[in-house]
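In what comes next, chain A is part of two complexes: it sits with chain B in the first one and with chain C in the second one.
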Partner chain A sequence: MGVLAIAERRSTSSATGKDLRRAAPIVLPLVLLVLPLVTSSPQHHSWVAASLLWSLWVASLNIVWGYVGLLSVAQLALGAIAAYWVAILGARTDTNLGVLVVVGVLLSMVASVLLGAVSTRLKGFYFTIITIAFALTVSTILMNWDVAGRTTGLMFLRSEIPVIHLGPYELIATTTEGFYVLTAIVFVLANAIAALVLYSRAGRAMRAVRDDPQLARSLGFSPAAIRTLAFALSGALAGVAGILHAYSFQLVVPELFAIDQALLAVMLIVLAGLGNVWAPVIAGIIYLLLYQVAPIDGDLRAGLLGLVVILVILLLPRGIVDAVPAWRRAWAHRAASHSEEASA
Partner chain B sequence: MTDTIPILSVQNVTKTFGGIAAVSDVSFDVQSGTICGLVGPNGAGKTTLVNVLSGFEPSTSGQVRLGERSLFGWSATRRARAGLVRTFQHAHTFGSMRVGEALAAASVPPRGTGVRALFPSRDRQEITDRVGKVLQFLQLTRWEHALCGDLPYGVKKRLGIGLSLVTEPKVLLLDEPAAGLNTVETTGLVEMLRKLRSTGITILVIEHSMPLIRSVCDSMVVLDHGVKIHEGPPEVVLTDERVIGAYLGRR
Partner chain C sequence: MFLEAATSGFFLAATYAIAAFGLVIVFGVLDILNFAHGALLVLSAYLASSLIIGGVPYWIALVGIVAVMALAGMGLERTIFRRVEGEVIAGLVVSIGIIAIVDTAILRFWGPEPRTLPRLVEGSVSVGSATLPVDRLLIIAVVAVVLVLAQVALTRSRWGKVLRATAQQQDAASLQGIPVDRVKTVAFGIGTALAALAGVVIASTVTFDTHLGESLVIKSFIVIIIGGVGSTTGAMVGASILGFAEAFGSAYFGVAVAQLIPLIALAAVLLVRPHGIFGRRLERV
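Up next, the complex of A and B:
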C-alpha cells in the first residue's frame, strides 16, 4: 500500500558475518573430501564416521529445538522407528532396500509430525515431557516385542549387505572407509538441507515462531503449519540417522536409541550452539574429541561431558559457535573505544 | 455518516470471562482511511476488544466484519493475512533477529509459510525494497543491523508498528502505541499516524493520551466497564458529561 510511497529511498545493506555462516554447506564437503587423502587409517575413518552420525542427530534436534524452540528428547526414538522397520522387513521379506529405506524415513517423518501436533496444545516443558513419554514408550515396546527381538535386538541387513559403487569406493558398512564415505555424503546433504532451510523463508518463519509466537500470529504466520514443517524435516533426518546408526553397528537394539542417547544429543547441541547452522558440525567435533580421540574410560566420558556442559552454560551461554563472533564484537568495541580516547 | 460500507464493523460484540463481561454488547464502525480512538479507564475492556477483533480471543457473541466479509470463526493468522493486523501494548519483537531480518520475516506470511517457503522467492528485490521503505518511514535505518532484543523500548515499539506495516495491512489495531514513549517520540508517533492515514490505512488506536487523541483521531469510542458510553468526533465526545465522569472522576 501507499506507506511505501512515502519513503522512496532504499537502504543498502551489507552482510559480512552472514556470508560466513551461509558458506557452511559449501565448505563442509571440501573438508570431508580431504580427509581420506590425509589419513588412510581405518580407525580415523571410523572415528569420523561415528562423529558425523552424531552430527546428524544434532542436525535433526537443531531443527525442532534450535529453529522452532521445542526441546525434544524423542529424536532417537523417531530414528528407531525407521531403523527397526528396515531391520524387521529386511530380514523377513525380499523388499528392495531402497524402498525399505524410503518408507522407513517416511514413517519417522509421520511419527514426528504426529508428535509435533501435540506441540500446538502444549507449551515448552510440557511438550518435552510428552517427548520423554514417547521415547520411553518406544523403547518399552521394542524391549517387549518378539518381532523386534526384545532386548537382544536384531541383526541389521546381515543377510543382504548392500554394496553401492561410487568411483573407487564401495559404500558398505563392512569396510570403515566405505561407511565413512556413505556417512559423509549423507552428512553433507543433510547439513546443506538444514542450512538452506534455516536461511529460506520457511526458516525465517520458524525463527519468528520460536522468538514470539504471539507476534508471529499477529503478522499472519501460522505457528502450527510452521512447526509441522519443522517436525517433518527433523523426523525425516532422524529416520536417516537411525538407519545409518543401525547400519554402523550392523544391529538394532533398544539401548542404541534409548533416552540417555537422546540426552547426549541434547548436551552436544547445548555445547555447540543451539539454533546455529554450524551446531551439527561443532557437535560432531566435540563428539570426535571426547568420545573417540580422548583416551578416557567409558563411564568417565559422560561425567566429563556433563562437566563441560556446565562450564559452557556458565561461561558461554549461547554455545561455542556464538562465542567467536561475540569475542570479535567485544574486541572491536574495545578497539573503537580506545581510538575514541586517543582522538579525544 | 457515509453511504460506503465501513472497513471495520463491530456488531454487538460481547466477551465474558467466567460469567463476567469484559466487553458487553459493543457496536461501532470505522470508516476506511480514518483514525478512530478507543479510550476508556483501565479495565474498561479496550485490550480485550482488540484481542477479539484480531482473533486472539474468540468473542462470546456478536460479530466483526472487515469490509463486506464476516470474520466469524477466523483465526488470528487468517485475519492478519486478510489485512487486519494488530500491535501489542508491550513491545513484541523477534529477539534473536536483526531489525532488517525481522522486517523481512514479516513479509513472509502473505507468500505462504508452507512447503513453498522452503524455496527461494522470485520477489526478493521487492521484499528488500519494501523493508527499506519501512525502515525509512519509521526512521529505523540506523538500527537495521541491531538485534531486536537489544533495542531501546521506544525503538522496539516503533519496530512493532514497522513489522505490521511490512504486511501491508488494510486496518491497523494499535494497542497503546504511545505508552512508555517520551514526548519527542510521542510527537513523532502523531506525525506517523497522520502519514499512515494519508496512505489509506485505517487505524483503530487504543490511547490514554487525550492530546494525542484530539490531534489525530477523526472519531472516537469510549468504553467504561466493558460498555460503550459514547461515540463520535473527539471535540464532541470529550465535552460529554458521562465521558468526563468516567475518565476524570466525578467532580
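Up next, the complex of A and C:
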C-alpha cells in the first residue's frame, strides 16, 4: 500500500489529493478519541455521544438512500429489533452480552435484507411506503406485547454493566466518559467500514444500481445482490445504533424508535448531503450544534430543522456541503468571465 | 355488536375517505403525495378546539377553518410544492419539514396535552340491542354528502373536467387554454380544505394530539395505495375496505389485531397488485 501510494504520488499530484480526500472521512473521526483528553466536562461528553448516535443512524440511512437510492423510514425500527432483543434476553437469561449483541445485530441485518428484498418489486415511493408500514408494524407489536413491556418499555442492562478495559479508559456505560469512549470507538469503526465499502467496487456498483439498474446489469452487476449487500450493511449499522441508543437511555421504549425519530434522521441526512461519505460526520455536527449546543428552546428545534430542510431542498438540493464546491465553481466561473471581459 | 361495529366501520371509512380524497386530488395534478396532509388536518383540529371552546358556533368555526386552510394550502403550493412538482421523494422530504414546523407550532401554542372537544350532538339512538352515537351518524351523513358532491363535481362539472384534464395531460390541457398553474394552486387548496374539514370533524369525536396526524396520513397513504394512486373512486373503496376491516377486526379480535390489519392489507395489495384496485400503472414512481 505504501509503495503504491508513493508511486501514485510521483505520477500525479492530483492522485495524492484524491487519496487524502478519501482517507479523511476514515481518519479524521479518530480525533473523537482525543476529546476526553481535551475536556473532562461530562456535559461535553454526553453532547458528543448523543450526536454520534445520530451519526450512526445517518450512516445506516446513507447506505440505502444515498447509495442505493431507496428512502427508508424503517432504520430506527430495524435498530429497535436489536435493542429489544438484547433488552429482553439480557433481563431473562444470563447469556453472554457479547453473544447477545452480535445476534441482535445479525437480527437487524436479516430483517433489513428481507425488507430490501421487497425493493425488487416496489420502487421509489412505494418502497418508502412499505418501510413506513414496517416501522408502524414494529412499533404496534412492541406497544402491545407484554414481553416487550408495552408502552412503558424495559430497563436496558441495568443489572449487568460490562466493564471493558482499554488502555487508560474503563468503558462503563454508566459513566459519561465511559459511554462516550464506547460510542466514539463504535462510530470510528462503523464509519471506517462503511467508507471502505462505499469506496470499493461494491460502493461504485451501488451507485450504478441507483442511477441505472439496467446499465449496471449490463456491466455484470446483479442489482439484487448489490441491494442485498447494501441492506445487510445498513441493517447491521442500524442494529449497532439501536443497541447503543437504548444503552445511552438505559431503557427501551417504542418512542425511542418511533417514526418521528426516523423523520429526524431523514432531515439530518438531507442537510448533511445524501450519498456523501461525509454525511454521518456532518449530520452529527448539525445535531450537536442544533440539539445540544445551541441555546434554543427544546420545542423549537424540530421546527427550525424543518424550516432549514425546506430551504435546502428548494435552494441547495444537494445538501449544504455539496453546495460549497458548486458555489466555488460558480464564483470561479464568474471571476473567469469577469477577467475575460476585462482583458477584452 | 354487529351494528355498532358497522357504524364504527362507516365512521372510519368516512374519515379515511375524506382525508385520502384531498391527497388524491393533489397527487393528480402535482404528482406529489403530501405527507404533511395529516399535520395540516391536526392543525385544523387544534384551531377548531380553540374556536369552539372560545364560544364560536361549530358550523361557523368549520367554515372559517376550511376557508383559512384552503388559502394556506394555496400558499404552500405557490411557495414550496410547485418547486418539487413531479419529484415524489423531494415532495416527501419537504412535507417532513412542514410536519416538523406544524408540530412545533402546535406544541408551542397548545402544549403537549391531548385535547378533547365537546361532542357535536349529545345522545344516541337505540336500534334493537345496539346503541349508536348520534354525532357519528351525523358525521357519516355529512361526509357522505360532501364526498358525493365532490365526486360529482369532479366528473360532471366544467371545473372538474379542467382539473382532470390537467391531471391527465398538462401540456394538452395548457394548449386548450386551461390555466394549468392556477389549476394546480386551486387543487392544492381544495386538498388542504378537505384535510381541514376532516380535522374539524374528527376533532369532536376523539381525544387527539399531534400523533393523530401521523397515523391518519399513513392510513390515507394505505387507503390510496389499496384503491390505486390517483383514483378518487379507488380512495373511497380503499377507505371502506380499511374502515370496515378495522372496525370489525377491533370488535371481534381486539384492538391490537385491528391496528395490524391496515399494514397487512397494504403489504398484500402492494405485493399482488402494486398499482392498486383502480389505479393506472404508474411508470414515474
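The rule we apply is simple: the second predicted complex is superposed on the first by the 306 of 344 C-alpha atoms of A that agree within 3 Å, B and C clash if a C-alpha of one lies under 4 Å from a C-alpha of the other, contacts with A are read in each partner's own complex, and residues count from 1 in each chain.
Convention: contacts are C-beta pairs under 8 Å (C-beta built on N, C-alpha and C of every residue); 3 or more make two chains touch, one makes a residue touch a chain.
A quick note: this is a predicted structure, and the numbers were derived from the prediction, not measured.
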item	value
Touched partner set for A:229, first chain B, second chain C, both or neither	first
Touched partner set for A:270, first chain B, second chain C, both or neither	second
Touching partner for A:93 - first (chain B), second (chain C), both, neither	neither
Which of chain B and chain C A:40 touches, first, second, both or neither	neither
On chain A, positions contacted by chain B and by chain C	none
In the complex with chain B, residue positions of chain A that touch it	1-11, 13, 196-197, 200-202, 204-205, 207-208, 210-212, 214-222, 225-226, 229, 275
Complex interface listing, chain B residues touching chain A	54, 56, 75-77, 80-81, 85-88, 92-97, 100-102, 104-106, 108-111, 113-115, 117-121, 128-130, 132-137, 141, 144-145, 160, 163-170, 195-196, 198-201
Of all residues in chain C, those that touch chain A in their complex	33, 80, 83-84, 88-90, 92-94, 96-101, 103-105, 107-108, 214, 218, 221-222, 225, 256, 259-260, 263, 266-267, 270-271, 274, 285
Touching residues on chain A, where the partner in the complex is chain C	71, 118, 121-126, 128-130, 132-133, 136-137, 140-141, 144, 259-260, 263, 266-267, 270, 299-310, 313-314, 317
